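Structure, as structure tokens:
Should a chain be cited, it is by its letter among A, B, C and D, assigned in written order, with residues numbered from 1 in that chain.
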């Protein structure tokens, strides 16, 4: 049999963690293989080893039946292996063109031959149905386009084996579709693709073959046509997932009201325009929409991180428009930001330190000595331990740096803090399950519904429509900074929502 | 586990010191002195006698202040390389206030001088901070320029408008009541400033690690987006932090005037601010760690004087050795070897850990 | 070290503590060092040089030297006053010497050099030798210790030619020869054709400039610097710190050391000009004669030169 | 008046090379996100090695080459300690400055038995490039007799500009600062790249130092760089790590320095006027900052 990739008896020992434990995988040429498994299962580690970024402690790699040893990604590239990382490896300050050719620049005498590079890249784009302005700076491009740049970057290097580590975590459904089209195209050209994801629909849609990992080991391997989502989920988590929790019927009073809220940007454009919305006690409002249409701004303006240029925000009928972030946070507006690494957590800090972030000013974490107020470490640690227990955060101790937690567990820390430290009246959750494994997703979803059932109002922003449907009582769609529809979740279909999101439809009389 | 960690923490600098002393020995041999003799003089000078030890502490004092000033700013994410300039203005201020203040009891006039120095250090630090926030000018470049300006201007003040009785660019002696009392006899520079510096270190430690303010400072030092998320006004924070740092730097200058020279003398700092940055960084910006690194530096400097007086080795040689030492202490050679050694232990440990989860 | 009686048996140990400028200034620190070396050779004493890095090291250095077994310690530099005052009373058995400091003590001798008188003399020489009517001065820093030279120089220049233009400049550092040279070039651009420096290492820049420019002369300072650019340095305003040092050591050795102030002016040959080894042919005899007259007038008090220190 | 300008310009040009070259050294390290406070130390060592080699070999060229070699080596050591052994770059650079100060004094004494300063007729300096036809043209005559190193630094400016923006190594350097992981995963050996940059930084500073001791002067004195390294860093910061910007920064500083020197001759008080170059730099930065801010505000209003 002719395998493109064989990784045999690979083990990888990090200080404190055995990330890969005697893993063997074989991948056929021209196939699309999905690597799935819970957070921290060792998927990224395994792929980093294949890409030469990490050296295996033991084990052997064969590419096209030839044994190889990689000392750096240069060696992997030489063997026509390319990788698109979970966190893009792009230089925002440079142009698309420069990013693509970086490390493999064509030269004419001493200079970089930009013309030749441009021609080549345009050709590559054409044959893969991608169209990106090559002179644009990466920083000016949306994530989905950046993703494409990453793919072009690997194609430009002439790779035959392409590794994609959670490429869809930050993509919109539309962008994901585009990506899948590209993947199928590549696969039809005979390229081998290894794809890491936590989204089982994607697995079913795009792959030929599935490898499941848990705790550093391969625990299952199957052809996609032989399995289904549910079986796969069981494989991954090792047990059946609990069903989504029932919703209680709740009639509540308004918690948060936005009246004509607008934000005008420096360039004169509106990122939010005349937003009117109300969320009641026990109501989950899901914001759907293609990212970049103001969802982030909406969350931030309610959380108090940006000021509206116009309009009013009321919390339980009190005007809080001029209250800053800190005041709102203490008054019960919790916010789970989309980017946990940049915003939600201080990665170099311990779980305990992170567990009070923002709430560290609350009297319950302070003690008085000689009339001065100091942080009370005992109480902080207790809180952290409590959170770890309640949320089943996998960690050696509350003093562990959050940087050493897996993505799902990091997310749990944020959620625990935002819901357990202060009783939130309103929970804003942006992409609450991004990059999180299905076990944790199920946990988080159920937890949010539980909060709702106990009368917390929630605003959920997600690019994952399934998530929106699972969680929401009401769904609103943002398009170019405006709310174009607001509907009961059980009265709308995905297809209809799609039309609103694309901007091709608009509700006539949005209630309120 | 804990003991291993302590051993590792101690072993590293020890290794660095030994290596650099060996390198130093190679340099000493051509001078005709035996390295062993030289080093024993160095050590004796630094720690051998009570007076010598006190002198080491005296030399450590300004470095502790500047180190703390730098460490505090670094912790909060601001690269305050302007410590040197803030020190100069602190020094000249303490001198002028000390000279021209009417005679008051010491418990009034000493604090007045110190506070004046702190305020001026603060104001001088405020400039780069505010320029950074309002006009987005790099704190780094303004600080470097302001350092030179502060030094030249202080020298000018001491040479012209406020020149004292000495035939050099120096102010008059400060009043008796503004002097920081000596702690180890009249001929030892160790003065109350050292105690003050230790106090500042402890206060900073508490401020950084035990208070809301410190929590927020450290947050903004690590990630501006995170600190914004938890409701901190990063701009305002930067200004406050740099100003506190400037105040401590001002104290460094005040100590040199009120405890050592009793007047401002041109070029009084001679790079204390820059050395302070190293003191801070070697201590990983930990205020209490700064006490150790500052004393280490102070001891080396002081021991070097002793060695120079007692042998025919000049102090330059020791500053070269000291430089090598600093680099070796800062370097992390152990990374690879320790990792590979631990590998086996961990494998078993990890398996056990699995059950716990 | 207390037994001083049988000084013949015991080698005397003497220490020189330089100013923070350190050795190698080809100026007063080096000059003092010369004196010490001469004493080492001729008197058989054991010498030691200590170079503090900054004024903050002064007290510590002097104290350590005093508590070590040196019989005599000389600290050179105008800025030693405070350290000397606080240390020497504690070591009544030791002998100390300072230069130009306002200190007194039973065990302290202070050499006072009349820098201004010597500078007056070379100012006059500069003025007499200048064809352009402009002479320059390069000081290390604008501080009293240097202005003493500047003022004396200017008075001397104006004394022989009231119309002469004297351009004083200050490098801003004693250790920046590159800038020193640039100042010299600037002065030459402004037509100065004789330039006197009192700028320690920065003054080296002047000599570098002289090598390149024709028709311009320099005047050295503190030590005989004439040899540095032969024939282009008219003379040097020699300040015999070395002589003073040698004298002190000799007194210590012969047990005739007396405390108090010792003036080293023109009269005492403490300051003066060199023997003009390379420039005898360049300087006309009548100029030399005139200088002799001026020198005598200063010694006789017919000319009084302003001493900045006494202002 | 024209004479005055010419003379000031001439001085500016003579003061320029060390700041310019070290500024370039700072610029390239700034590009890989390293603060290299060690420019001063590299320069001092450069100045020293140049004098020593020139003295012993009698050839300024050999001196320059050896200087480049030694300073490059120092840069490489910096890189190894900083990148491989993770020593903080500020710590390493402060140590380098300290080391340079001490070791040059030490070897001055060991090699020549002197302290503080060393000059000798055996030290051969760099030659100047004489352009006699410029001598009588106002302003341009400032260029009539300038050191070959000045022209070398102009050449380096051009080479640097081209290297940074036209060649592959330049692209990689520009990418390393903002995101070195991206460069690493693109298959570039970032460690090697950084080593190269720091080596080059050392070499550039070395040439700058050699200019001080063999170009402008033919001697060595202790600490003869006298803070130029810091000014150079400021220049590279001033110029946003752009070669031309850095040159402008260095020129601005050199020019105000030259003006203040000249001003002394016209009776301005020397002590205060020495502050001017630093003050002017800060004021220029403020001016530029205010201008930028106004511009963005104006754009905002225009968009209303």
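One rule holds for everything that comes next: a residue touches a chain if its C-beta (ideal position, glycine included) is under 8 Å from a C-beta of that chain, and two chains touch if they have at least 3 such contacts.
Just so we're on the same page, UniProt names per chain: A = Heme ABC transporter ATP-binding protein; B, D = ABC transporter permease.
Source: prediction; values computed, not measured.
Undergrad: Could you work out how many touching-chain steps separate chain A from chain C at minimum?
TA: 2
Undergrad: Kindly indicate the chain pair that has more C-beta pairs in contact than all others.
TA: B-D
Undergrad: Suppose each chain is reduced to the average of its Cα coordinates; what separation in Å results between chain B and chain D?
TA: The mean C-alpha positions of chain B and chain D differ by 28 Å.
Undergrad: Using the average of all C-alpha atoms in each chain as its centre, how far is it in Å between chain B and chain C?
TA: 37
Undergrad: Taking the mean of the CA coordinates per chain, how far is chain A from chain B in Å?
TA: It comes to 44 Å between the two C-alpha centres.
Undergrad: Which positions in chain A touch two or more other chains at once?
TA: Within chain A, no residue contacts more than one other chain.
Undergrad: At which residue positions does chain D touch at least two other chains?
TA: In chain D, residues 271, 274 touch at least two other chains, as defined above.
Undergrad: Residue numbers in chain C touching 2 or more other chains?
TA: In chain C, the residues touching two or more other chains are 51, 142, 172.
Undergrad: Determine the shape of the graph in which chains are vertices and touching pairs are edges (line, ring, star, complete, other).
TA: Basically it's none of the tidy shapes, so other.
Undergrad: According to the definition of touch, which chains form touching pairs?
TA: Applying the touch criterion to every chain pair yields A-B, A-D, B-C, B-D, C-D.
Undergrad: Residues of chain D touching chain A in their complex?
TA: So the residues of chain D in touch with chain A come to 162, 166-168, 171-172, 174-175, 178-179, 181-189, 296, 299-300, 303-304.
Undergrad: Note which residues of chain A are touching chain B in the complex, please.
TA: Result: residues 13, 15-18, 57, 215, 304-305, 324-327, 329, 335, 337, 339, 342-349, 353, 357-358, 360-361, 366, 372-375, 394, 396 of chain A touch chain B.
Undergrad: So in the complex, the part of chain B that touches chain A is made up of which residues?
TA: Going by the criterion above, the answer is residues 206, 210-212, 215-216, 219, 222-223, 225-226, 228-233, 339, 342-343, 346-347, 349-351, 353-354, 357.
Undergrad: Using the touch definition up top, name the residues of chain A that touch chain D in the complex.
TA: 51, 53, 72-74, 76-77, 83, 85, 88-94, 98-99, 101-105, 107, 110-112, 153, 157, 266-268
Undergrad: Note which residues of chain B are touching chain D in the complex, please.
TA: Touching chain D from chain B are residues 27, 30-31, 79, 81, 131, 134-138, 140-142, 144-149, 152-153, 155-156, 159-160, 274-275, 277-278, 281-282, 314, 316-324, 326-327, 330-333, 335.
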